[in-house]
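One structure is given below, represented as structure tokens, and several questions about it will come after.
For clarity, chains are labelled A, B, C and D in written order, and residue numbers in each chain start from 1.
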């Protein structure tokens, strides 16, 4: 595939440029008979959209989704055929970008797109804009709905770190989206959330931006999901997360900290499941340093991982750069931009996690939704 | 694909269990007319094989590759047809594993394979063994040869960290394999190499194991390689590395450190190329915090990334576990095992990097080797 | 892929139900820098749409295409990113189909869709309608434009047979679309065209329908295109044609007639190219019984093949059938339907041929349009 | 994929040249827990191999399969991991082919391989040889075994036509392989078989070759299998058959004869299933002109199709050709060659049919063999 599709059995193809006609997605492989989850999709799109407050871009986009195929108008159920969904671009102020026609913004994709394609959609970063993720979030919410029906699988992401403000421990077993959304910065720990907000505001006031780390848990995945060699669940999650704009690192379970550990400290002892939960085969691990995946396959424990995001590349300070002819130039950003991508990245990470797990569930179970509920 | 193939235009399918008849690979998509690089493949397999000294498993495997198709016997050149290569398993002491038939080794893939397949190849970890990477390393060396012909692209990985022993700075522009191989632990800094070796020996003497971090550079990749959304070069590298046994984290460029940085500190200013190198379009970056990839596409700078490996799961101490019936049990490992996977993982990381870059080069250039040299 | 995408490097994903919101396509992999061929697309859609006269359905659909992404608004050139195109469904008289909710129309896909999905879009045959081909024809016209730029490759299909009216010989070297479109039935031989039209009218007046055969030529394909084993050009063309609604057979070159021939009569002798055409390597064949493909690869001669279409399943006579509960019932069709699908299938066959050849050209040449013109 | 792999969930990758080290296959996606069907594989390979008598090539190849991975040595069951199988080439008389180094055999793939790759494996046609089908037949027999366990699905092909000798009607409901194999020519009708044999002998004695048509039935496929648009069961069968060496045409059900029919004559009326067979939903068709597939999906009736094969290109008469430099030349074949490919193509067609149906079954049911038996 040329790079705009993701998945094997639950396949999403996104399309659209930030300031083009529309951004959207076609989902091929959605099981038939599922009540189409309009509300879940709208909710996640609302968490993704700009203009949510001082912490995000002021671009005003209602992001109302249009569904053009794949849903039975009579029953409101999915038909098993491709579901196409898109959002019109409305508040696109392209004139802000005219000056960028011949200038490469540092640490943006302007230059690499030109190197690859010979031309690019200048306004708004075109396809490299985070606006591309509208399609992912819509499709991810659909996938999440299937997972929820199938196994009560739950996915929750939160902001764990902003600049050097680090969240204290979050309980992976109980964290939910209401707790995450209690603060606009989407960190469930109120004290840390305040400190994160201050860090973001401070950066903004200094015409600068900040990066951070998201953490995510996936609860309820049955053991044995994934492929053992190249389609490892860990590998597919890594690819999914590293495909998000501005992501720079991925780690599973203890991740980079595992590199400093001894085997005796890192190994997860197996124990008989005290409660014989439905999502396991009667076997649990005492600890979960593996992050729910062993040998690339789920082991029934909560999948937990982290994603590092670099600071937003658009800063309101003069920067050295070059123009398309290779001449030295200076660039100072204008317009509407997030000082920190983390809060809005929460539904993106959840969406990509949902797409990976749903795809693997369907690789294992096939395409019949009736089985999804009894797996 | 069910999970044993990797790539789109340069596709490798690996096969084989650790103690089965053979481990090998079929490469589909290798350009025609390439002198088959026997020596390069043998060299990388030699760096991968066990029995290289005190730091690795004592299993004696000559790992002599057999090539059964895809090479013209007259000219020794690749035919463009599938290249099948395999290595016979010889020193397979399966009886060591009989006790494992009903026992799940902690933090191994025994349990998850059973959960997925209902049965598993018990001896040697079967397909979950690092022995599966024989095929990857052979195919990766072939890919590397193409890259070398095409652009003088060079790939070098080294051990950057073992337990808490961290390597001092390595120059990504000059590091080469001879420097890396100067010490058996494959850390190019002699002082650190000694400390790493001591850390490994100490762990081994305490019947324990250690983890660590590899770093890797890919030099000479032309700008614009990769796919902009889901097939980002960063995403494919992440998937490739997270598909390696025991890998737990991936980061590109500054990676997780970028999360603590401001945009003004992280951004890479563009500058006119002082030397107008062939591998760029006359545009360079002053710094390379992006790690050579922006917007998922190469920018002509050196690609640099790191991979975290957990400590080897096989420790020679008693561990709590359960048997296949879910009853509590105890397990103490015996047999031949590496105390640290890092030194042997160096050619594995190089191989996976080569597979990713070669696949993307062929997606862009198509299948004709004559073009590879003039790209 | 779940079955709504086609191609590997020039990938089309179609979506939409006959009477849903829209029918359309996303094209992933279109080279960048191509002037978007609005006119060519409109022309082929016009040849495909219903309401072209007495020979086709009276459904009035302007089939005006909307392009929402992938084209640079400034230059009108393709961006290399996904091109999404769709057509709104307007003249959808769904109430005609209410009676079909519980009834399976003979030789339609009603029953098999229910067997596969458990539900179906009743009105207009939903996704099984030939209206799904709107997306294919639009994408095919785009592919054709690339082929035209790249090699002057030309694709022409025509109606060769209707019921038992057979066209006399057509010169594959010179036939063009103007000749084909001279008669509404799209047979370039005027006498046969008249007889075909009469056959169709006769069937219609008898509340019946007819089948037929299309022939197609692809001129200018360079030698060596295709894959030698499973992605044979012949195999991909066969799959492409057999994916069209109502198609029942495919043959290449002499096809089924070859089965009756001796090798000495069927073999195509090689001869030096008298004119050293650019599209060959200086080698031609004296005859072209192979239909331009040998060993699955193009040999530089004109590719020629035929596709058999069954008679339209919708006849205005009472037919035995069963309802969803398996009870015997009777069904008599009403509404607007073509008595013969052949004339409108001409642009569909051309589109699918263009998609196959373009995909293979891009597999070989990669994604850079600048190379397409110099291949 | 570059063209040597087939399938999505049951994926076979074949490798090997006719006179190289080995020909074989890797099967990725075989369900775990299946008793490995050595006998079935050996039986089909025996039907495929040369040297079966006067009707086939005298090349002596025992074609004993070696299985190097994917099977548990203890239980003899499949592991769910890749199954690699190959056959060594033994009776390879390469010197017969030295004269062909610079000469293109008419209607062979010599020229097109050179055009594609720039070089080719000269001896024995290299990869274009029918010997490549060893891997397909082995993998197909494995697939067939799964189908047999899952649904009692049965696949039987036979020689229906040789040159102008046509078989009288064969009952698709009862034909079996014993009847087919009663005559060496593999036509179940004894009188026709004799006439076919005479036609082949006559052609051979005249230093010529003949073509023909195979027919094939697949019984017991449950309704609803296939994909509705591009992965139509009919399309995938067509691609599978057209990927076989020397195949020139494919038709489903009435095929090209349907083109001459009226809708009223071609439509298959639905009727309540008189016996409520397990393989249907209580719905049958009175006739089966559709060949068991409607809208690309199986309808529970017997799938029936035909494949046309051209006469073998190797004739023992002088033929005009050109050499690699484009100069006119003459070529007269020597060596061992089949005068008619049809009898040996029977297991090839069965194998490809099995691969298609098994792949679609697994797309629908996922990867768990336990479900296969209860589907």
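Just so it is clear, a residue touches a chain if its C-beta (ideal position, glycine included) is under 8 Å from a C-beta of that chain, and two chains touch if they have at least 3 such contacts.
On a predicted model such as this, the values are computed, not experimentally measured, just so you know.
Taking A-C and B-C together, the chain pair joined by more C-beta contacts is A-C. Each chain's centre was taken as the mean of its CA atoms, and the one lying most distant from chain A is D.
Each chain gets a centre from the mean of its Cα atoms; for chain C and chain D, those two points are 26 Å apart. Between the Cα centres of chain A and chain C there is a gap of 38 Å.
The distance from the centre of chain B to the centre of chain C, with each centre set as the mean of the Cα atoms, comes to 45 Å. Residues of chain D found to touch two or more other chains are 1-5, 8-9, 14, 81, 116-117, 127, 228, 363, 367.
Chain contacts in this assembly form a complete graph, since each chain touches every other chain. Here chain A touches chain C in the complex through residues 1-5, 8-11, 13-17, 20-24, 26, 28-29, 32-33, 66-75, 77, 79-84, 86, 116-122, 126-127, 367, 370, going by the rule given at the top.
Only residues 1-6, 8, 14, 104, 106-109, 111-117, 127-128, 132, 161, 163-164, 203, 208-213, 222-232, 234-243, 245, 247-256, 258-273, 281-283, 285-286, 289-291, 293-300, 308-315, 317, 319-322, 326-328, 363 of chain D touch chain C when the two sit together in their complex.
Residues of chain D that touch chain A in their complex: 8-9, 81, 228, 362-368.
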